[in-house]
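What follows is a pair of complexes built around chain A, which joins chain B in one and chain C in the other.
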Partner chain A sequence: MAGKSGREISAVPEGGLKEKLLSWEGALILILVAVNILGVAISPVYNVTNVLREMPKYLAEAFMVFGMGYILVLGDIDISVGSIVCLSATMACFAGNAGLPFPVVVLVCVLTGLVCGMINGLIASKFTELPTMIITLGTQIIFRGIAEVSLGSGGSLSMKDTSGLSALGTKIGPFPISFFVLVIFAVIFITLLSKTTFGRRLYAIGSNQTAAKYAGINVQGSRFFAFSLLGFLSGVCAIFLLSTLFGANTTTGNGFEMEIIAMCVFGGIATTGGKGNLIGAFIAAFIIFCLRIALGQRNINTQIILVVIGLMLIVSVVIPAISSAVSAGRKKQGN
Partner chain B sequence: MKKKNIWQTITGSREASLVAVLVVLLVVIEIMSPSFLAPANVSQIFRNNALTLLMALGMLCVMLTAGIDISITSTLAFAGMTIGMLQKYNIIHNTFLLFLIGSAIGVVCGLLNGLIIAKAKVSPIICTMGFMYIWRGMAYVVSGNAWASGADVAGFSDFGKDGSPGPYIILILAYVIFFVVMKWTRFGRKIYAVGSNPEAARISGINVDRTVISVYTIMGFLAGLAGVLSVSIYASAQPNMQYGKEMDVIAACVIGGVSMNGGRGSVAGTFLGALIIAIIAKALPLVGIDAIAQNLVKGIIILAVVILNVITQRAMDHQNLVRREM
Partner chain C sequence: MKKKIISLMMAAALSVTTLAACGGTDQGSAGGAAQQAEDSGSGSESTDDAGKTYALVTKSAGNAFMELLGTGFAQAVESTGGKAIIKDPQAATADAQISEIQSLISQGVDSILVAANDPSALTAVLKEATDAGIKVLTVDSDVDAASRAFFVNQASTELIGQTLLDACYDIAGGSGQYAILSATSQATNQNAWIDAMKAAAEADSKYANMELVEVAYGDDEPQKSTDQTQALLSKYPDLKVICAPTTVGIAAAAKVLQDTGSSVKLTGLGLPSEMVEYIGEDDAHSCPYMFLWNMIDLGNLAGYASVALVNGDTTGAVGEKFTAGNMGEFEVVDVDGASQIILGNPFKFDASNVQEWADKGM
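Coming up: the complex of A and B.
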C-alpha cells in the first residue's frame, strides 16, 4: 500500500491529531442536532417519546460498532457480522423452542456469536498472508449457510415462548433495557480503546504492524481478541434483535456488515488502520438511526435513506482529501 | 535450467491446477448424473451465470490494481431499472439504444468511483460502499415503487431469451477482448504494473491515477452492461435485483487465483473460477445434496481454496530456502 509509508503514526496522542479528531466529533454532534431539527421540521410526530419507541429496532445494531471499530483500527475488516447475527438468532430460536430456560437461550445466542468470531480470529491470526476481507467473505457465506441449512426449507423460525424476550424488550422509564446495556458497553469499550495500554497498542498495530511486532506487542493475539469480541457483540446484537423480532429467518441481519462499517467510517475511523475513535462512531450510529426514524415517519420511501447514507459516507471521506488539497494549494501560493 | 516436468507445471500454474480441478469435478458429476454435459445443460449454466462471468472480468482488473468494487450490483440494478422503466413507459424500445443507455449509466457510475479513489485517495471499499448505497437507492427512486414485467420488456427480452445467442455472443466477445488486452497490449500490462508496485509504475512513467480511473470505469461499464443483460435474460426489472451478488463475483475472482493485494491474476483463471462456482451450484442437487446447502458448500470451497493456496505457497517458499542453503 502506497499510503502506508506516508502516514503519521498516531499511537502517540499528539495535540494536533487530537484537535482534529475533536473537531470531527464536534461536527458529528452538530450533524446529529441538525438531523433532529430536520426530523422535527418534516414530521409532526417526531418527538422524544416516538423516537424512543422506535429506537429498540435500531439499537441492537449499535453494539457491533464497538467491535468493528477495534477491527478497523487494527487495519482489518470483518464482513461476516450480518451472518453471525443470523446464525446466533437462529441458534437462540432453536434453543428457546427446545424448552431451555431463557438465560440459557441468551447464553447460546452470545456463545454462538463468540465461537463464530473466534473462528474468524483463528483463521486471521494463523494465515496472516490472507486479507481479512477474503476470510470473512468465506465465513460470511458459511455462517449464513449453516443458518440456512438448519432452518430448512421453511427458511424461518419463530420463538414459541416469547416471555423472556418480551422481558428483555421492556422499558425502564422511557428507555429500553438495550439502551442502558449499550451505554455501559460504550463506556467500557471507549475507555478500553482510548485510555488503556491495550487500546493504544491496537493503534500501534494498525499504524505499522511490523514495527508493533518488533516492539514486543502480541499482534496476532490482539487480532484474535478483536475478531472474537466482534463475534461476541454480534451475539449480543442478535439477542436484542430477537427481542423486537421474536424470530429468525435466512435474511436476518442481511447487510448489517456494511451498515456497521459505514457508521464507523462516518464516525471518523479509517479503514487503513490506526486512526479514529469509538466516540465518533457511536455518535454516527445515532445520526443514522435518527435520520431513519425521521424519514420513516414522513413515509418517505425508505430506500431514499440509502442514497442519503451513501452520500454522507462519500462526503465524509472526500472532505479530508479536499481540505488537504486546498491547504497544499495555499502552501504552493505562499512559496 | 532444468525443464519442468508435467507435475511441476500443474502445481506451479494456477490455471493448470484449476483446469485439473474442473476436469475432476466434471468427471465425478458426469458419472453420478450422465446428462450433465448435455449441450442444453451446459448452455443453461452459461446463461444463468452470464452476469457473474461478465462482471468478473471487470473485477479482475479492479483487483489487479489492489482495489475492490462492491458497488457493482447496485450499478447493475440502477442501469437495469432505468432501461426497464424506459420500456414500461414506452419511451424507448430500440434494443441497441437501450444497451447504449445502460452501459453509459454504468460508465458514469464507474467513472465516479475511479475519480474519488484515484484523486481523493479514498480506500476503494469505502468509496464503493458509499456508491453501493447510492445507486441501489437510485434504482428504487427510478422505479417509483413499480417494476417492469415481462410484458413491459416484451420485444427487448428476445435478445436474452432462452435459446437466443445474444448473451453468449456478448460473453465470448468480452472474454476474447479482455484476454487479448490483458495479455498483449500496453494498457493491460500497465494494469499489472500498477497493481504489483504503484510506486515503481509511477517512476517508470505510467500515469497511475489514469490507469486506476479507467479500471473502475471499465468495471462500471461491465456492470451497466450486465444490468441491461439481466433485464433481457430474466425478462423483468426490480430494484432489488442481484442484491448481494457482488460477493459471488469477488469469490469467482479469488478462486480463479486473483490476489487481493494486486498484481496477480489472469483472464483464464477468472473464467475458470467463475465456472467452477457455477458448476458446483448446478451440480449439488444432482449429486444428492440439498440445494439449501449450496451457500454452505460455496463458502467452504472459497475458504479451502484460499487457505490451501497459503499452505502451498509456504511450502514452496520453504523449499526454495532449503535449496538455497544447500
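Coming up: the complex of A and C.
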C-alpha cells in the first residue's frame, strides 16, 4: 500500500481506528497539538482569543488548499493562484467603487476567479502536451499584469464603502465568518474527493492518465473542472482577504501559490499525482498558521519562520521516503 | 508500528527545530537592537515606564535603509528605559505588514510605528490597534491621516526641492542647462520633489539663467537609467548638471558619467554605500555631493515620538509640541491635511563624510 513517497493512499478504504490514528493524518494531528503546546509554552499571549483574532488573513488563504489538492492529485500544478487572487480583489474594488451593491461585488470577485480558472483549465485540457507549470506560469504573469494595468499608476485601490466587507469580517462568538464557511467547504470537498466515484476517478487520472482514459474516464473534463474550481476558490479567498485588507494592490496575493502547494505537500499530497488527501492538507494548513502566529508572537524573525516551515516540509517528505526505503531493503533481505 | 515511529520522529523533529529557532533568535530585529519583552502580554496594563514596549514595523527585511531606521529607533526607546520590538515583514507588502501588526496587538504593546507599504490597506488593522489602546504613528511612508496620530517625516517636500535646485545652481556655477533623471513617471515622491524644484526655480529670479531641458525617467531600473543618462548626454551637448532624485538613478548615472569621463556633473538623492566611489570634488569623480536623510536620526526621532505619545506628552494634535530626547523640541504641523513632525534638512554627503556613512551600511 505504500506509494511512491511511502504514504498511505487514502482513497483506498481504510482499516480500523488504530490504523487511522497511525496514518499520516494521525501524525499531522499530533504535530498540530505539539505546535499549540509549543505556542502556549513560548508565548504568554498565545490563547484562543488572540489566535482567532490573528487568523482571518490566513483562513482566506486556506480556501485554495482544496482546489490545489484536486489539481495535485490529478498530477497537475497551478502557480497562477496568487495572481488570480490579485485580479479578483482588484475587480471587486472596481465594482464596489462603481457603487454596485455588496452581493454583486462578491459575485464579481468570485466570477473573476472562476473565469481565470476556466482559462487555465481550457488551455490545459485543449493543449494536453503542454506542462501545466508552464501554462500557469504564463497566466500568472498575464493575470497580475491585467491587475497592474487596471490599478494604474498608484498601484493600489481601496474600497470606498467598507460596510459590506466589514460585515463579512465580523465574528460569531470568537469565530470569524470565514471559519464557518471554510469548515463547510472542507466537508464538501473532502467528501467529494474521498467518498465519491468522482473523487476516485481523480486519483485514477493522477496515477495513470492513459489507463484512466481507456477506462472511459473523462480525463480532460476532470482537469478542466479542477482548474475552474481552484479559480473559483481563489475568488473566494480574494473576497475574504478583502474583508481584512479593504483594498487591492499590485502585491496582493504575492507568493500564495507556493504557500498553498507547501501546505498540500506537507499534508501528504504528492505532486506526482494520485496520492494524498485533503484532510491532511487541511490540518497541515492549520499547523503552518498556528506555527506562524506562535513564532510571530515570540517576535522570531520572519526569515527564521520561513526556514522552520521549509525544514518541516523537507522533513515531512524525506522521513517517509527513508523509512519506506529501509523497509523495502528489509523485505529483500528477508527473502 | 513503522508509522508510529514516523509520527514520533516528526513531532520530535518539529519541536527541536522550532525550539532551536526560538533560542537562537531571541531578538527578532535588524541590528540586534530589539529585545523581546518577556512580560509584553501585560505591557499595556503596566504603569511604570520601564515596562513599556514600543514596536516598529519596517517595510521589509534586508533593507539597509530600514535597518538604520531600526537602529535609531531602538537607541531612542532604550535610552528612555523602554523595550523596542522591531518586526521585519516577510515581503515588502501590506499583507505581510498586517500579520506583523496583528501579532503586536496580541502582545499588547504600547505603541506601533509603521513604515507603510500601502497608504490605505493598513487602515483596518491600525484601527483595531487604536481600539485596543495602542498608540499608532508612521514614519518614512504615511497612511491615511485618520489611522494614526501623526507622521514622522524625513524632510518637507519643499525643502527637498529647494535643496536639489540649489545644488544644481551651485554645481552649474549659476547658469546653464540641467536635466532631471527620475524614477517612474508616476512615482509619487519624485514627482512631488520635481514639482517643488520647478516651483522654487520660478519663485526666485536668481535661477533665471538655469534651464531645465528634460525630465527623463529611468523607472528605477539600473539599465534603463543608464540608457536614459546616455541619451541625455548625446541630446544636450551643453548640459552641465544632471539631478537624480532617486537612489537607483543616481548610481546608474554616476557610473556612466565617470566611465565616459564626461564633464557633466551629478547630484541628487543617493545611498552613500552605492555612491562612495563616485563622490569627490575633482574631475575624476562625477558627483561633487548629494543628499539623503540621516536614517538613524529619523529612527531616533520616531522612537522619541513613540515614547512621547505613550507617556501622554503629546496627543499628536496639530500645534502641540514635545521634547524628543536630546534632539530638541518638535511641533506637530499640518501639511496638506496630514499632521506630521519633520526631522529637518536633507543630509549632505560629500567627499569628507561619504566613506564614514558607507561603512555604517547606509
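Note that the second predicted complex is superposed on the first by the 307 of 335 C-alpha atoms of A that agree within 3 Å, B and C clash if a C-alpha of one lies under 4 Å from a C-alpha of the other, contacts with A are read in each partner's own complex, and residues count from 1 in each chain.
Just so it is clear, contacts are C-beta pairs under 8 Å (C-beta built on N, C-alpha and C of every residue); 3 or more make two chains touch, one makes a residue touch a chain.
Everything numeric here is computed off the predicted structure, so don't read it as measured data.
*Asks:* Look at A:Glu129 in the shared chain and tell me whether it touches chain B only, chain C only, both, or neither; answer first, second, both or neither.
*Replies:* In the superposition, A:Glu129 touches chain B alone.
*Asks:* Is A:Leu291 contacted by the first partner chain B, the second partner chain C, both or neither?
*Replies:* Only chain C; A:Leu291 stays clear of chain B.
*Asks:* Considering only the touch criterion stated at the top, classify A:Gly145 as touching first (chain B), second (chain C), both, or neither.
*Replies:* Touch partner of A:Gly145: chain B, not chain C.
*Asks:* Which partner does A:Ser158 reach: the first (chain B), the second (chain C), both, or neither?
*Replies:* Only chain C; A:Ser158 stays clear of chain B.
*Asks:* After lining up the shared chain so the two structures overlap, which partner does A:Ile172 touch, if you call chain B first and chain C second: first, second, both or neither?
*Replies:* In the superposition, A:Ile172 touches no partner, neither chain B nor chain C.
*Asks:* Once the structures are superposed on A, label A:Lys57 by its partner contacts, choosing first (chain B), second (chain C), both or neither.
*Replies:* second
*Asks:* Check whether A:Pro44 is in contact with chain B, with chain C, with both or with neither, and answer first, second, both or neither.
*Replies:* A:Pro44 contacts chain C only, not chain B.
*Asks:* Using the superposition described at the top, list the residues of chain A that contact chain B and also contact chain C.
*Replies:* Comparing the two interfaces on chain A, one with chain B and one with chain C, the shared residues are 152-153, 254-255, 301, 303-308, 311.
*Asks:* In the complex of these two chains, what residues of chain A are touching chain B?
*Replies:* 1-3, 77, 123, 127, 129-131, 133-135, 137-146, 148-149, 152-153, 254-255, 258, 261-262, 265, 270-272, 301, 303-311, 313-314, 317-318, 321-322
*Asks:* Of all residues in chain B, which touch chain A in the complex?
*Replies:* Those in contact with chain A are residues 66, 68, 70, 116, 119-123, 125-127, 129-141, 145, 198-199, 239, 244, 247, 250-251, 254, 260-261, 290, 292-300, 302-303, 306-307, 310, 313.
*Asks:* What part of chain C is in contact with chain A in the complex they form?
*Replies:* Contact set of chain C toward chain A: 2-7, 9-11, 13-15, 17-19, 21-22, 24-25, 27-29, 34, 36, 38-41, 61, 85, 87-96, 98-100, 102-103, 105-108, 117-121, 123-125, 185-186, 188.
*Asks:* Mind pulling up the chain A residues that touch chain C in the complex?
*Replies:* 22-24, 26-27, 30-31, 34-35, 38, 42, 44-46, 50, 53-54, 57, 152-154, 156, 158, 162, 169, 241, 244-247, 249, 251-255, 291-293, 295-308, 311-312, 315-316, 319-320, 323, 327
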